[in-house]
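Both complexes below contain subunit A, partnered by subunit B and then by subunit C.
This part shows the complex of A and B:
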């Protein structure tokens, strides 16, 4: 390995290896291709492909997570979405946001004439929120730890939204927790690269954290991630998922059992199901579902689990919610923050019209 | 870098800009193509790769990156035509298909070399906002008759003939080209001498404003201007 210190990772199209399809040859090619990374095992079979645990041979054999994505190499070269999305992810890296999983490297190699494999190398974190909650002993996390995790989660989501990225699939399985207790989001920004592969797999994607507008196949944007945050907040208290539907319709029914059937005016237009498909019912008190939650946490949860995506709280607003403030100085901090914010908005607005050339 | 390589890069960027305009790409993807090109040759030797192939591929990739997609077919045809003005247009045949394939595989090569980091912060939006900010200080008649904006944009476009874009921050280049444009027209920002701060500096006692740079120094502005002037001297050398 050491002697083959080629400048580029792996080997490219020019090597033109025989494209035999037996698994044996594939395996041999794999180990040859990634000269800088050695595979040590499989982490998981995600909805979009396999994630491997590997070692970074250039970095003292540090563990990394390698995500492999197959993409179609069309007549027009690499698909635009693949180039754009991966380079945007690389661009995000320069911020080194503490609540985002590090993308260390991107490589590619050619599988066949028409297929390319992208390898995304991430930092390796061995625990996700789901296992973290499983390992948690009986009394639960405690309100302070829950508040801390929620703050980190919303911080990460706010960062993504500020950079025009909608995660679309937030769930405990792709929220990672380091041994120091730092929360990091993973698996975002790849939806457009995946979309090709998605059509080929019949993977069951969990519906439990999906916002109602997604389940109804309506238009959606950043608010979908805040709905997921709401489901996760409840799960942090209960240590089990809040709403576990087995199908789109069942998931929606469970949502309406909790928040009540929305009014006729709130029902979005051009969606897959009419309001009449659901039984009318009143909203349930949230304490019934999340008994340990305090009144301020309940207020935040209600704002996150709001049916109307336009009225649902945003990540930035949620971070300013009094749930994240200590009771004593809550008034002072909130007032000083809000004034400085309005000030800067004013100055921004003044110089925002285009210049004439 | 030896002068010979600098001359080659100058010509290839001119080729990229000409072909880019023929492909009806706007200034942003053309600028992105130039950055890809310069970045590639900062890490690779010019003797190892055909610079015009790299330039063509950079143009094609920039279309994808800035979401102004051009067809590979058109890129190959137009770049061939731009490069060989006296030859007849390319027929669909062996040459066409092998050129096309070269661009497609160079794309993978460049992506690997740049490690997929092909989204860049460009000075364009900064130039736009800074000019808008300055406009309000000028006498409207002066602003309309003296082409400060036009000259700034021209300097910005020309700066890509060298690898300045890799050496300075986007917002610094933006201020540099405007500064140079003002100098060239013998203009001064009104009340500029009465002010405590230069127009391009940021007052550290105030919250940051988006139109002013907080880490730009006069020597950097002067370096940007002198780099630009070197490029214009290069133009004469390249053409002779």
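This part shows the complex of A and C:
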């Protein structure tokens, strides 16, 4: 604001609406905005900037999560992409979807001539899915709890996709779990701001939930999120990530070890990596990787971890999968035909709510 | 999350009012700002919805700031600049300033200061902070077109009615209606006004249950009262009163009636040049018509058809217009 205040002084006050009053207002407003929130600590350093824990001073000091994003100021003021993405987030907020983290406020200030800082204030939820799974005592989540979490996850993803937003980075670290067990998606919708105006950071982005088309072609359409959902479904059972590659190529190799190397016809065109660079192998039975999964869950998982993005199940279709149908489920549990093992576990001290220490 | 709809009393008790700007002057500033945005936007080749979005920002901004603190033309220029970016029809700040300069007298343009570009940039930050990035705006335009598709009857009459409703929506931009009611309510009310004035009674529409007694507007909007629709129509018709017209500065080239300038477009006028020309002619007729409307309104104020609150009732105005003017 400094440049502008000096400038306002320079205006002279000969024209009707006096300039000096303008200056005062700017200052007042600026300090006023800042005093609304007080930072109390750092929550995490993401690839895209830092997230702070703060207090909303106007709201009884309630905790909030403040995400700070630096964006380049242009000749034409705030970049169009940043303006559009942020206003889309605000628009989305009007629906108050239960599986989406609440966006409480948007602030911004000018850091330097060329840099603007955008502050997004979200509700504070102290537990993400990764922590939730860590805290979960042996023998893990029961099948009902897994199904409930999966239903909430797909509901959130379906909502985003219905509003033409691709999350692009779904992973346990940005899926939040409230103390009431509600699942909420965070960190979506800003991907395009980041990719245009991202600062180079040394933070390593995890590849473990990336769809093969992202790794091969850098393609980002809605199916990429469903692949991530598949990885997460497996992780809910195993309580550890499904495929942990350390590089793009290693991640792809691990994917093909599981689902088999796609056929020549399935292999996409215009990919720098030829199909020949991977060893030909048949798909592995999923229960080898996810021993506790029942046949219906396995069917859904197979449809999520489909190589071809066009044939991969959509969020809407997944929600209609019989995995989520109660009648089937009651049949499943009452008859104990197939998965008697997991069922007996369920009555055997398996917690639906992990014990937080 | 701020709510962007306000009670009439809150609009009256605005920051400007509390800052010593009287209600009539504020209404004039709002009209001038809105017209300025539409004029400048049209000259820049912006679509009507980009202009309308800018106007809504303008009205919202002055629910939080006084006209004494921020000059209306600087704010207006910035609203247009931001609306262009949001609607993905960006215009260069420099070009917007050039147009502003061409529309304003040198003494008025002086409010942009020594560095107009920097002035607009600074304003953008204040504007974004004030309207909290709630930038996606729906307008009555698209609603009216949507409703028109449901209406059954003589195509030409419907077209005429929609044309007039469209013009009323243009004019409604100069009022604070966008701060009071959702776009579908404004669209319905102004379609009602147009239907009355073009004497096209909407009796049949798609999906109408045969034998039903409900009116067309009940089929569009839930719980919209005749009282509310008439109040909305009155707020637009008030623009045409002579005292409102006389006082306004006209930053644009010629002192036109507001209804003479649709911002950048006609409602689906068919696309062919000849049809477009016809549409323009209709609009020109219409501005004559609105002139007549002021006279009628004025005339009625002096007659005994007054409602208890001292103004002529809506129906009596329409009745009078029917007698006096055939369009």
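In the analysis below, the second predicted complex is superposed on the first by the 287 of 357 C-alpha atoms of A that agree within 3 Å, B and C clash if a C-alpha of one lies under 4 Å from a C-alpha of the other, contacts with A are read in each partner's own complex, and residues count from 1 in each chain.
Going forward, a residue touches a chain if its C-beta (ideal position, glycine included) is under 8 Å from a C-beta of that chain, and two chains touch if they have at least 3 such contacts.
From a predicted model like this one, the values you see are computed outputs, not experimental measurements.
In the superposition on chain A, A:179 contacts neither subunit B nor subunit C. Once the two complexes are overlaid on the shared chain, A:90 sits against subunit B and subunit C alike. Residues 8, 14, 75-78, 80, 83-84, 86-88, 90-91, 105-108, 110 of subunit A are contacted both by subunit B in one complex and by subunit C in the other.
The residues of subunit C lying in touch with subunit A in their complex are 1, 65, 67-71, 81-82, 85-86, 88, 90, 92-93, 107, 110-111, 113-115, 118-122, 124-126, 128-129, 132-136.
Across the interface of their complex, subunit B is touched by residues 8-9, 12-14, 73, 75-78, 80, 83-84, 86-88, 90-91, 105-108, 110, 116, 340, 343-344, 347-348, 351, 353-357 of subunit A. Across the complex, subunit C is touched by residues 3-4, 7-8, 10-11, 14-19, 21-22, 25-26, 29, 33, 75-78, 80, 83-84, 86-91, 93, 104-110 of subunit A. Across the complex, subunit A is touched by residues 60-61, 64-65, 67, 69, 71-72, 103-105, 107-109, 111-113, 115-119, 128-129, 131-133, 135, 149-150, 153, 207, 209-211 of subunit B.
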